[in-house]
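Look for chain A in each of the two complexes below; its partner is chain B in the first and chain C in the second.
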Partner chain A sequence: MSNFKIDIREKENINVIDLKGYLDAHTAPELEKIFQNLIEVQKFNIVVNCEELNYISSAGLGVFMAYIEDVRKHNGDIKLSNMSAKVYNVFDLLGFPLLYDIAKDEAEAIKKFISVKK
Partner chain B sequence: MVKKETLNSDKLIVTSIGNKFSKALLMAVAGGLLFVVFITDVIRRSVDLDIGWILLLRDIVILIAFLIFYVLVESIWKREQAPAKKLGFALVLTLVIGITSVLLFFISPSGFEIKNLNLIPLGFDSIVWSNVYGIVLSITMLIVLLVLRDIIFSKRRRGTKRNFIILLILIIASSLLTLIYRPMESGSEMTVLFIVTVIAMLMNSFRVSWIVYLSKREKILNIIFGFLLFCIFIGFDIITAKEGTIVGSSILFYSAPLHSFVLNVSLFATIYFGMTFISTLFHLPTAEAFDRKLSEVSSLHNLSRLVTQVFDFNELVDSVTTMTLEVCEAKSAWLEIVQEQKTGNIPKRGTFILDENSVVMTVALKNISLEEVQTVASSGGKIIRKQILDGRKPIVIDSIKEDKRTQHLVGMDNKISSLAIVPLLSHENVIGILYATKDVEFGFDKDDVDVISAFADHAAIAIENSRLIEKSIERERLMREMMLAQEMQKKLLPQQVPQFPQLEIEALSTPAFEVGGDYYDFVLLNDNQLGVLVGDVSGKGVSAAFYMAEMKGIFQSLSKIYREPKDLLIQAQRTLIGTIDRKSFISVIYAIIDLETGEMKVARAGHCPMLFASNHHASYVQPTGLGLGMGSCEIFEKTITQENVRMAKGDIAVFYTDGVTEARPEDGSEFGYDKLKDVVKFCAGKSATEIRDSIIMAVDNHMNHASPEDDLTIVVLKWNK
Partner chain C sequence: MNTLNLRIESKTERLSYVREFVSDAAKKFGFDDESIGKIALAVDEACTNIIKHAYGFSPQHNIDIKIVTNKEIFEIIIRHQGKLFDPKLVKTPDLKDYIDHPRRGGLGIHLMRLLMDQVEYKILPNNKCEVHLLKKLQVGK
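Entry: the complex of A and B
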């Protein structure tokens, strides 16, 4: 199950996570670790770019749920962006748009963070 | 002289006279014969009987008597004794000779005069003593010869028996030759025969390889015995010589052939024991090394026993430490095993935590207490352990005083002076550490360490095997548990699907693993209201199964109270939110159908939408709603909605889990919502069962018959009114 890849970069003091491939029960721990590390170093403004995410299972969705509270407690947020229609549908079924900020693209997500700060 | 030839024809004759009666009879006959000889000697003194044939007859009678004695001795002879013990026995025999000789000197009989190369007794006492002494000594020497035979035969090689028989024949020939001559006479044939006999004795005396196999202690004893016997027989050679003392004369007067026999055997004994003494002396420096090699061989042989002990771990590790003591003569030994740390386990005594995943545990110890082992492992001992674990090479501490790592062991009650620490390796991993101590400095040489290492390798294999067996037993047990859980979970699902004339229902649920997180249920709320619920717990396997069971409890209890699907889901969320893990959630779809009107109320909590098909047209019914356990109750209540659908004749409603829509062959696309819709769309006119099977077949085709990765549930309703 190596068809999953995570890249992390920083843009305007916001951490952007790029997800590629299939996020399921096998690969979810990788993403979990990334979130853990970010929270450990007090980085709470996170954008998850889902442009190349092909599939997300319930275990993958669980990762976001596990950390959103911690992040929000510290006045941060996990924002999702660039979702394909298929992936959006999965998030949508569970009602993620009701709980999470899902932006059309990365720039929009970052802009939201900056405007909140101001 | 037939007597010595029988010696080689083994015990045939001997066994034939096994019973006590015949033995006593033979004894009496021999005694009688010797008595006749004695009477003859007495008569000879006063009457001149020195006629040739009478003397020859007298000699033959004596030899016959001794042949009988030989047969008797052989019949009670024990062959199986170890050579070293025989040596001790020979020493006892020489005492008999010694005492008799000393006695003879003290009594000092009148002796013999030599006349015309014949011996003439000077007094009656000389006759008596030569008879007594002749008999006692000859029998003793006979036994000495048997002892020598057994010693030589204890390590037989090609030629061993042949050489000994040659020597015997020469000894017998020498004896017979004396019959031709007068007692004090000697001829050149005698000299030649004597030289040949001595050569044969020398050849037989090189048969001393049995010495090599003696332990060091036995070798020391052997040197003492060998030396004593050598000295005693030299002395005996001298006193029994022809021109020697009264001892020699006495035997010679009694019987010249016997005298020759006694002298030859004594000479052979002298040479052989001399050789034994020298050989043992030369073997002594290597005795210790040989001892150790022997014990190494036997210990390594014991290793094969370890293989059979893999079923009992405690017995196995106990053997490992015991054998370690044996192989290197260590004072104490103990074994530590690296184990996985099971979370929540309270560390046992003698456990040392390595890191968060593994611990080192003392599993067996010999001649040392657990407290002392812990002392060794403390302070500098931790460094040693780390070096072993990282370096995977044996560590030898020749002197604890000299080594920084072992300063804390100076002055310990259980004295340790040197230490050998060897890793137990399995697939390049250290699975254990074997410790051996000695109370002398520089106690472990290279050989010791090599042997312990070789030993540790075998022990590692045995321990690893033992663990594998344990693991497979454990796996078997878990598998049985899982089968049981599967049975239990099956019982949580409806055993029978309710059926009504107006409503056909069909359901199916298959977990991807033994147990799963899918759930469906039906509840008859009253005479004309049926509740249908399909749920899916996030994740798979055991954790999902637990939440699934919890969901059933919640549904069964709440469904009787709340008559609106939305209300039930709100209550379910309230109940679950406290108990469910942050990462987990349950998606549920709940519909209540009016059995009179076909009116259906549907609420959804994050679950796949209901597929509704009517008149070759299919669509998804997707009221909003968060998955159970996802957000706060407040948001949940605020956002959840409910939709109404009215079923007409032939209409189909399909509830399912994402195992259907997300079914995906490896490196392929998902089954998807559109395909599902297409399948159901063309199912008008089919029964509920047929519809269900169509969906399953379509999914199975899509999967290329590969086994599904997710739990899969389908519930099909068909309105027939």
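Entry: the complex of A and C
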């Protein structure tokens, strides 16, 4: 039984990744594949909706770290949204709110992409 | 003094079981949800490092996890027989540099140090290596 699930959808030309469950060293390679696929097809505007993400370890953070520069180089971004306090605390402990754009909710994250385009 | 033991195979799919085992013990000891989350994450990071670096993802080895509690002290001792590891070689990352030049890796040990009250590495005879993670229960909190 897997304790992690990823769904991907498109909303207003933005790729939204929904994460559910536990993102650790066992499940991080699944997220890695999703990022690789998106970058391969030149999709650089990505929102990661963390509403149902219960847990993240440094292996999960490492996936975001590995691709953030790549997408920004192509004028894209990885924006994170709907984080629980528990998941946010891990980012905060490492000072990562300085590195990532963390939005309150998905709509706000998408709006930030659209306002940049205009 | 109370002790609890768990032996797992060196596979990342066992990490969720380790987190459950440690969380249950931390809850029974009296930690709040925030501290339980910190302890479980620190133990996950220690086991991940062992699976990845000490055993190089080779799954046929064992990792022994022992929880020792004494008064307000909650200590997790994680033992392996993989590649010896010198923690002195791992510098605390410069987070500004990390943010300026994002890259993966090197965050696990740093996180463990931030999450726990004490992190120690011990090299024992017979090529055994131990990671000691300690957290104190704040009485009256």
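We take it that the second predicted complex is superposed on the first by the 117 of 118 C-alpha atoms of A that agree within 3 Å, B and C clash if a C-alpha of one lies under 4 Å from a C-alpha of the other, contacts with A are read in each partner's own complex, and residues count from 1 in each chain.
Throughout what follows, a contact is a pair of C-beta atoms (placed from the backbone, for glycine too) under 8 Å apart; a residue touches a chain by one contact, two chains touch by 3 or more.
Bear in mind the structure is a predicted one, so any value in this text is a computation, not a measurement.
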Query raised in the report: Is the arrangement of chain B and chain C around the shared chain A a clash or a fit after superposition?
Result: clash
Requested in this report: Scan A:69 for contacts with chain B and chain C and give back first, second, both or neither.
Outcome: both
Requested in this report: Using the superposition on chain A described above, determine whether A:61 touches chain B (first), chain C (second), both, or neither.
Outcome: both
Query raised in the report: For A:26, is the partner it touches chain B (first), chain C (second), both, or none of the two (neither)?
Result: second
Query raised in the report: Of the partners chain B and chain C, which touch A:93 in the superposed model: first, second, both, neither?
Result: both
Query - If touched residues of chain A are counted for chain B and for chain C, the larger one - result: C
Query raised in the report: Which stretch of chain B would you flag for clashing with chain C, going by 332-340, 368-376, 530-538 or 638-646?
Result: 530-538
Query raised in the report: In the superposed arrangement, what residues of chain A touch both chain B and chain C?
Result: 25, 55, 57-59, 61-63, 65-66, 69, 86, 89, 93-95, 98-99
Requested in this report: Using the touch definition up top, name the residues of chain B that touch chain A in the complex.
Outcome: 536, 538-540, 582-585, 587, 606-609, 622, 624-627, 630-631, 635, 639, 658, 662, 664, 670, 673, 710
Query raised in the report: Which part of chain C faces chain A closely enough to touch in the complex?
Result: 12-13, 15-16, 19, 34, 37, 41, 44-45, 48, 51-52, 95, 98-99, 101-105, 107-108, 110-111, 114-115
Query raised in the report: Okay, in this complex, where on chain A does chain B touch?
Result: 25, 55, 57-59, 61-63, 65-66, 69, 86, 89, 93-95, 98-99
Query raised in the report: Touching chain C in the complex: which residues of chain A?
Result: 3, 22, 24-26, 55, 57-59, 61-63, 65-66, 68-69, 86, 89-90, 93-96, 98-99
